[in-house]
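See structure below.
Letters A, B, C, D and E name the chains as they come in the text, with residue numbers starting at 1 for each one.
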Amino acid sequence: MTLLELRDLAVTYRSTAGDVPAVRGVSLGLEAGEALGVAGESGSGKSTLAMSLLRLLPRDASVSGEILLDGEDVLTMSWGRLRAVRWASASLVFQGAQHALNPVRRIGDQIAEPLRVHGMATGAEARRRVAELLEQVGLPAWRARGYPHELSGGQRQRVMIAMALACSPRLIVADEPTTALDVMIQAQVLSLIRSLIAEHGIGLVMISHDLSVLASTCDRLAVMYAGRVVESGPSREVFAGGRHPYSRALAEAFPTVGDPASRMAPRGLGGDPPDPAHLPAGCSFHPRCPVSLVSCALEPVELRAVGDGTEAPHTAACVHVSEESR
Amino acid sequence: MTLLEARDVRVEFASRGRRARAVDGVNLAVGEGEIVALVGESGCGKTTLARTLLGLERPTSGSVRYGGVPLAYSSRALRAHRREVQLVLQDPTGSLNPRHTVYEAVAEGPRIHRLPGEGALVAEALSRAGLRPPERFFDRHPHELSGGQRQRVVIAGALALEPRVLVADEPVASLDASVRGEILALLLRLRAELGLSALVVTHDLGLAWNIADRVAVMYLGRIVESGPVERILTSPSHPYTRALLSVLPESPSPVVLGGEPPDPTRIPAGCRFHPRCQVLASGAAAEAGVDGLCASGELPVLPSSAEAQVACHHASASARREARTETEAERL
Amino acid sequence: MARTRRRAALTRFRRRYARQRAGLYGAAILLVVVLAALLTPLLTDPSGMDVTKATGARMAPPSMDFPLGTDESGRSVLLMLLWGARVSLLIGFMSALLSMVIGTVFGIAAGHFRGWVAAVLMRVTDWFLVLPALVLAMVLAAILGGGPSTIIVAIGVTSWASTARLIRAQTLAVEARPYIERSRALGAGHWHVMTRHVLPNVAPLVLANTTLMVASAIVTESTLAFLGAGSGQVSWGTMLRGSYDWGAATSGAWWYVLPPGLCIIAVVLAFTLCGRALETVLNPRLGGAS
Amino acid sequence: SPSAAKASQTSQGTAVRSPQTEKRIVRLGATQSMDSMNPFLAVRVVSTSIHRWMYGFLTVPDSKTLKPSPDLAESWQTSPDKLTWTFTMRAGATWSDGKPVTAQDAAWTFNKIMTDDGAKTANGPAVENFDTVTASDDRTLVIKTKKPQASMLELPIPIMPKHVWESVPDIGTYENETYPAVGSGPYIAVEHKKNGYVKLKANPSYWRGAPGIDELHVIFYENPEAAIAGLKKGDIDWIGRLQGPQFEALAGDANITQWNTQGRRAAYLQFNPGAATAGGEPIGDGHPALKDVRVRQAIHHAIDKKTLVEQAQNGLAVPADGSIVPPMYQEFFWKAEGDKAVTFDLAEANRILDEAGYAKGADGVRTMPDGKRRLEMRFSIHTDEPVEDKIAQFLTGWLKDIGIQLTTRRLDSNKFTEETGSTALYDIAISGWSVNPDPEEILATHLCSRRPTASGQGGGTESFFCDKEFERLYQAQLAELDRPARVALIKQMQERLYTEAPVVAIYYPNNLEGYRKDRIASITPIPEDKGILYGGSSYWPVYSLRAVERAAAPAGSGSGSGTVVAVAVAVVVVLGAGGFLLMRRRRASADDRE
Amino acid sequence: MLTSPQQVRDDTEEGGARRAVARYALVKLGGALLSIGLVIVATFFLFRLIPGDPTIAYTRDVPVTPEQLALLRRQMGLDRPLGAQFLDFVVRTLRLDLGTSYEYRRPVAELIGERVGPTLLLVGTGLAVAVGLGMWQGTKAAWHHGGRFDRLSTGTALTLWSVPTFWLGLLLLMVLAAGVGPIPGLFPTRGIQDVDAPGGPLYLLHVAHHLVLPCLTLVAVVYAQYLLVMRSSLLEEIGQDYVTTARAKGLRDDDVRRRHAVPNALLPTVTLVFMQIGFVVGGAVSVEFVYSWPGLGLLFVEAIRGPDYAVMQGTFMLVCVAVIVMNTLADVVYHILDPRVRSA
């Protein structure tokens, strides 16, 4: 059975300044043991998507659609059931680990907390498990008695990962786990995530704005733009042969060192990211699209299958896709 | 010709009762019309060096020279220096006072320096920075702009003083991937149009590849390798540069250095990189017979030369056995 | 052009303020009170405050002629309330102003400069902060002798420290922003940074804080009056003291005891509500969330 | 255990002594607390009053005539040169510890004050003139004075037990807080809670016989309003020295007797008549116009004393038609009559000033005849004195009408004393004096010699007045031993003060008190017809107190503890209910909420 | 591949943290001593500013001869140069000799000693109740912010905060102690105890009975501060990511609040609470006066009325020093409690 399935998920923030449709009809699926990367620029709704998976959105957000976690709809669960699902079935690694850890409680306590809450371990057993988890992420066990501020950014991110692993969930959602980190630390954390996923067969949803990072970590990629998935498919295909102009722009933003084509030729996308409160009509990307057609401004473009779709499905929401495939 | 130059600059801070040698002997020159990238991991002293070049930080020893003349630290001299050398910071949102309009933000420099024709200067700077027509932006507040536009405003603010050198500290790190290229292209264009030199501080080797002529790799307050981009980024000699290159996402065999960013209050003896050096760890250094030297032999401070140069015992040893080094570098 | 911009900002401010219900109530009360205080000399005869010209019976209950009764000398309590509002508000405003000026100068200087200047300024601020304000104000009032200016000085001098602390914290926050670094890089000096960047950024905080300060100054004035350090003019505080001295409470003259107290509560509450609303509206971090 | 047995014994003892009635207790409220239990140091009214109840004096004012009458001194004689006084001490008077009261006790007390600076604090001036004090035997006390002293029979000095006090090392710092205190007065202090109360017990061995109640509690209130509330509620039974408003607040309470009698105080204004030192050097900065007696008289005309009585004293005072001796002292009281009387007449005041050449300016303020200085004067009052404030408000209004602009200066009492008593930095000031039965002392405060010395040390002048005629009259009365003749001289002095107007009496405040009828059965004032209850210079009223007899365990302390129990129960109930609700809430919140 | 990121445990770390705390405490102590020194200096000059001759003030009610005054001047050291007087003052103050009261003719230190107890009782109880009440309501208000409880409790607290303390005290005295109309006078009208107070445990009840109204007055006026501080500090914490983390872990709402948000919000609140102690002492002045509570505040009011400069000076210094000490203590305690700043 599919581990996670989103069906037409939409999230709207109701704020005094007007409604902000942050996620607008996203459908995605994830099998157990698979890693899915979600890319997109700032404000495209990636974090909103992640938070909605465990119903952690603030009160002013209204959610529609379905979030099936192991076939069960998270959105309609009772609070009790939801609490049981949280962390035990799916856990989160947040964007900024320095804020996601409680600054005044010991690291060990924080890692052990979900164990205790879900009745998985207490006392000495929990302590043993904490030590084990810390070792797993490459931290010495005595760090359990330390406080978050005593750790560097990378170490804190590792603590977050240890915490996410605590209840052996089947799904981990990692929201920009490496963004704030230095190159070398980022490499450390990414390789840690990769090895853990491989070892435990956990499903991973990883969010980033750096397509290249995702491509090297995930099996499949979904590119979001203005609250929508505009392209999804196997990593390599999307990264190296993206069909949506936005995916291509993202892929080109980070050049390959040594590639003479990009030497002294930075490439990027003109125009500004859209304001989710005032999205353009039609394809929301069309004002920045180098290959837009007149029709793009008029009607929205749905996801279309790329290629024959026999193997891993690859879809993109661009008018040019259908032309090509025809 | 060298425009802006750091000569044997050292900057120390008192940090928790210790001395942090944030910049520990750096020679670096930016030539006219040249774009130099300064790369290194977090905390290695890049920002400190950049600030020192602007006179925002006073070196503990060594000197900053502009056009060959050492910088004086009287407020008059500093002000004059800052007409020639300008700074662009990492975070465009933070770099703009939220209460000032675009016009005020760009006009701030001319006002401080009491330049005549403020309006024209502002308009020109904005259009050079790619915000056209400039009048449309005059009255906007930063929060009404996108990230890329904000960074353009910051750059325009620097351009309004008509500087010769731009020091950009991680100019695109906080920008969206899609906007990044545009800003970098702008820097290239400014060099082409105005002959502007730039020192770009970054931890992103891709950026250096994108726009820089020369790259200097910094580690723990020192430049450990420098030279033309093509040379350094395709055939690095220093193990640290190699490691940095290897962890780029597409790279086939990443060499992930262990441990945390080094601490400038405890600089190791010998080669400052040796505790983390993969060459030393793999035994290659011992093979070359330099392992003892790595741990205790001080390395000289690299001069500010345009040539490719490296501060590494192993690399120097290898250089002596030229032929073999060549093949090894290629294999890597 | 600048004017339209300012007008737009004002409209935006007004719209955001209008969302603060409590703040609106506060503003409404203040409007009424300030208007009344301003109009009193135009509408009423100051001779009504002269005890030798008083027409009412002593401590008479409310009647048609005296809607709020009379005081111990037969003056109209309502009239006294109106004239008292002027003194109370004046003392409140002036001492808050004094406190704000000292506090802002100290706060910005302490936050902007480094080294011993900041250390000394902070030491002084901390010192004033821990001094028990009421006690010091009473000592000052006793030393300086009576009169409204004494009270203003006594309250102002004892209450600026918390403003200075607040302003310093805000200044430090502002100084840590990259735009200050940018401004320095553009060649700006201390004065430019403090006046062009720091001051406008702390101004909203100062405004909100001053509003709150007026509130506490009015309470302090009344407390000082009650404890014997009065300004010698009819204010709400001295009225309360008068009602106490002349035994209004024990003889059941509620019309003399309650109105000045309720006026103080209303105005102080109004200032507090306005101050909090301003804080919310103007503080970018709270972003209009209540 | 023995102690428990003892305790039950004592309680049984009490029960046996008065099986039916409770202890007869009277609780007196005072709006001041004791400054010291040591009579050598205490100066507050409450303290000197309590000391009068605890200790015997040589003489005590007669309860009817207020003339000196025997107390611990049974009789006395004066030598012909009026310098030697021989007192015969009472036989059979004992201290509360059983030892007899002797002349040695008295001699020790006086000598202590004369020789020990620390002991001078309270009553030093009273013995200033003493040469020697000796006890020739147990019952004979001989006091030799340097000059004749008229007030020898009104010495405000309690006689202290030598055998107890001898061993006190430093009287000036001694607190005298050992109880029961050894005394010879009608009451014995048995407990003192500082700033709380003093508990006095009847002295069973008092030479006149024990007082009619068992205990007298003096309870200190800082807040007069609270004291009134306490009296109305029954927390206290009696309160003296009330201000007008508080007195009025007692009206209409069926359980309370309001006690309103003539008082011994006079309130007056003092003008700066061109102050000078005792040597005649001008000092201070008084307004020059006030040197002119016509200006002083004009101001006198501008004072509506009736209104002031009405407004500042709630009508509870006598407007002053005389000088600084209140009508309570009928013998010495002088009153201006007929033409001599200065009435409230603004027109007259204006006329006087016009005639004297003080022309009114455009703004209505007059200037000096030489046109140099405007009649802008200061009115010095004490801070924090509502009555004085009120007087200032009225005076300002009236003087404005006669072209004098008055501004009020509020001074703390130190500064006030200094500026109006020695440095003369005032124009018009408020003043008041509690007058003793013999007014000599208050009249003496207007003598030339009382003006300060050149070095600025105050001599106790109340006006900087210096008038030949007044001096002559004063000397004459000193030498006059014939009482009616002396009285006549003293009245002449008052008249002189009235017409020269260095001071202008405005009113004589009444003595205002109140007590609960349901607690105090009877109390005799001093003097007996319509006198003072509390604060007079004798123990008669408290000695004569009779409490209403009541059955055992009635309201009193019982109600107190009853309330305590009630409150305790209430607290427990509230806490219990709160806890219960909290528990429920906790359980409720255990449900799913977010 | 991961080259060994093995951390060697730094054994001195904890010792280092302890040393850091000790150093911090020392610095704070130094600061406090400096502040106290400033208080002493300021007190000396403040009270020297008062025009008038202290000897005349001292002998206010007692006629004295010029010789006696001169003697007194010598005794008080007023004939010596200002510098010597100042030194003298400092030395005596350090010996806790605060001079002699003009009014009571007793050492000021002794008078203060007598009054400290009742003030501590009143302010201590009041503060405890106010802090408890304020924090509880503040927590609840913040957790459901914008809700009915929030609006009601914040509104009530702000209104009470606006009430002049003495006025509220007088009203409460009139209504609850004296009794008005049908309301009986339930509480005593004055003081800390009555004559013939019961002994033993009942004595505590007796005093508690006397404490109710003064305490109520004090609490009513000051608890708003704690409510507001707690509320805003908790609101800040609620917005933090770690709270979301806690919720994501499956914690119950209550547990998120109790185990994460409140303890964190409490820390900054602690210092603020201590900062407010000075204001509470100020409030106690009015309360003690209204209820004839024999504490320091009352002593101070009496001294102002006197004026008894010696007592004024002594109480002023004492209160300042007490507040300084409390603040320092709070800073150090905060430092020990908060792991973030502990080793920073």
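The rule we apply is simple: a residue touches a chain if its C-beta (ideal position, glycine included) is under 8 Å from a C-beta of that chain, and two chains touch if they have at least 3 such contacts.
Small disclaimer: the values here were computed from a predicted structure and weren't measured.
Graph distance from chain C to chain E, where chains that touch are one step apart, equals 1.
Taking the mean of each chain's C-alpha atoms, the chain closest to the overall C-alpha centroid is E.
The distance from the centre of chain B to the centre of chain E, with each centre set as the mean of the Cα atoms, comes to 54 Å. The distance from the centre of chain C to the centre of chain D, with each centre set as the mean of the Cα atoms, comes to 42 Å.
The multi-chain contact residues of chain B, meaning those touching 2 or more other chains, are 254, 256-258. Among the residues of chain A, those touching two or more other chains are numbered 83, 188, 191. Among all residues of chain D, those that touch two or more other chains are 225, 229, 232, 384, 412, 592-594. Interface residues of chain E facing chain C in the complex, by the touch rule stated above, are 31, 34-35, 38-39, 46, 49-50, 145-146, 155, 158-159, 161-167, 170-171, 174, 178, 275, 278-279, 281-283, 285-286, 289, 300-301, 304-305, 307, 312, 315-316, 319-320, 323-324, 327. Those residues of chain B lying in contact with chain A across their complex are 41-42, 146-149, 176-185, 188, 203-206, 209-211, 229-230, 233-234, 243-245, 247-250, 254, 256-258, 260-261. If you check the complex, the residues on chain C that touch chain B are 1, 5, 177-179, 181-189, 192, 196-197, 200-201, 284. Chain A makes touch with chain E in their complex at residues 51, 54, 56, 83-88, 91-92, 94-96, 99-105, 113-114, 117-118, 138-140, 142-143, 147, 149-150, 188, 191-192. On chain A, the positions that touch chain B within their shared complex are 41-42, 152, 154-155, 182-188, 191, 209-213, 215-216, 246, 249-250, 252-259, 262-270, 272-273, 288.
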